[in-house]
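Single-structure report; data block below.
A, B, C, D and E are the chain letters, set down in written order, and residue numbers restart from 1 in every chain.
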Amino acid sequence: MFLGKVIGTVWATRKDEELVGMKFQLVKHIGLDYKLKDTFVVAVDTVQAGVGDVVLVCSGSSSRQTTLTKNKPVDAVIMAVVDKLDITESS
Amino acid sequence: MFLGKVIGTVWATRKDEELVGMKFQLVKHIGLDYKLKDTFVVAVDTVQAGVGDVVLVCSGSSSRQTTLTKNKPVDAVIMAVVDKLDITESS
Amino acid sequence: MFLGKVIGTVWATRKDEELVGMKFQLVKHIGLDYKLKDTFVVAVDTVQAGVGDVVLVCSGSSSRQTTLTKNKPVDAVIMAVVDKLDITESS
Amino acid sequence: MFLGKVIGTVWATRKDEELVGMKFQLVKHIGLDYKLKDTFVVAVDTVQAGVGDVVLVCSGSSSRQTTLTKNKPVDAVIMAVVDKLDITESS
Amino acid sequence: MFLGKVIGTVWATRKDEELVGMKFQLVKHIGLDYKLKDTFVVAVDTVQAGVGDVVLVCSGSSSRQTTLTKNKPVDAVIMAVVDKLDITESS
């Protein structure tokens, strides 16, 4: 999984019918210092993550292992909202 | 999923028989400012996306989760045409 | 899928028994201008692509969705020979 | 698989219900000299790896092939603690 | 698949029980000139590849398609030892 921060939402009316009702969030990668990186993905929200939330994103086939995304054409899901990072060693 | 823009089409007569009838679109990656990046993929269109459309592309095994691509040797599909991006926070 | 060009063949006598009879082609990534990039993969040929052919390569689990590669330990297949690219917009 | 070192833990109360009870470890990539790289992933621990342990991380769908992670939305697991590396040739 | 060269072995006593008896080899990526690159992966050996051997490595879910690795948490296998590369065109 990777750490990211929700920075917005993608609106798409014309889409595969399997995707109706899903929320597509824009998630920027972040570092261990919570700083935003330049890269981002679009991930389906499964935990009601809102803009500004630090989240865990699961990618690939594993992103279809939630009730909402089962058998759907999605390759990234937000599956947790991060409370905090405990970093004991960083160099 | 990643954000991209359709910039053209790939023509291929000689191909795996499972692929007959599919449209292979050239999709360049774009940033949050809609600017084209240098990188691109070839994705199967499932939503009648045309050249110039901003789209969502799903990769990997999940790209086989549409009616059109089920059990086919394809690893990227256009599964939505993007209307707009709502970006609340970008730095 | 990505665009590539076949530049050679890999010979391997000692291999998993599931792979006997497959042709392993060296495929370099190319750009929209057909120029070779430095990176390459080894892909199983399913469409009799020869050296110099511009091809479409499918990666990951989807590369097992051809008759030849079903249930085999291969992660990249050439599934089409490209006739031409129609590029309408490139910047 | 890749080599990494556990540097901390991610705490997340709000998460997919399938993930309750799992430990999410922060794992930095390391080189053959055990030096930490800048990149990291979040991986589910299956071998009671602690902070400072050098570990093997398995990614993608294969990370669901442990008893703990079967059918779960996780894309990286720590599946071994490394005792040592035997490097015979390095240039 | 990618081309690599075996440069050593990873020893790990504490590991997922599914992995007992497997040999984890350190494989560096190589170029078409057989030169070692800086990057490496840890791959399960299925063809008795030894240190110094040039090998083909299969990644992702496809790496579970050998008798040895079926249903195991591994994401890379050595599935062939390379005899030679026939390169007809390289620029």
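Here is the rule we go by: contacts are C-beta pairs under 8 Å (C-beta built on N, C-alpha and C of every residue); 3 or more make two chains touch, one makes a residue touch a chain.
Predicted model only: the values in this text are computed from it and were never measured.
Homomeric contact chain D/chain E is classed as different-residue, with under half of its interface positions used by both copies. Here the spacing of chain A and chain E, counted between their Cα centres, is 31 Å. Mean C-alpha position of chain C lies 19 Å from that of chain E. The set of chain D residues that touch two or more partner chains comprises 60-61, 63-64.
Chain order round the ring, anchored at chain C and oriented towards chain E, is C, E, D, A, B.
Taken together, the chain D residues at the contact with chain A in this complex read 5, 7-16, 18-19, 24, 26, 36, 40-43, 51-52, 60-61, 63-64, 71-76. Chain E meets chain C in the complex at residues 1-3, 32, 46-48, 56, 58-66, 69, 77, 79-91.
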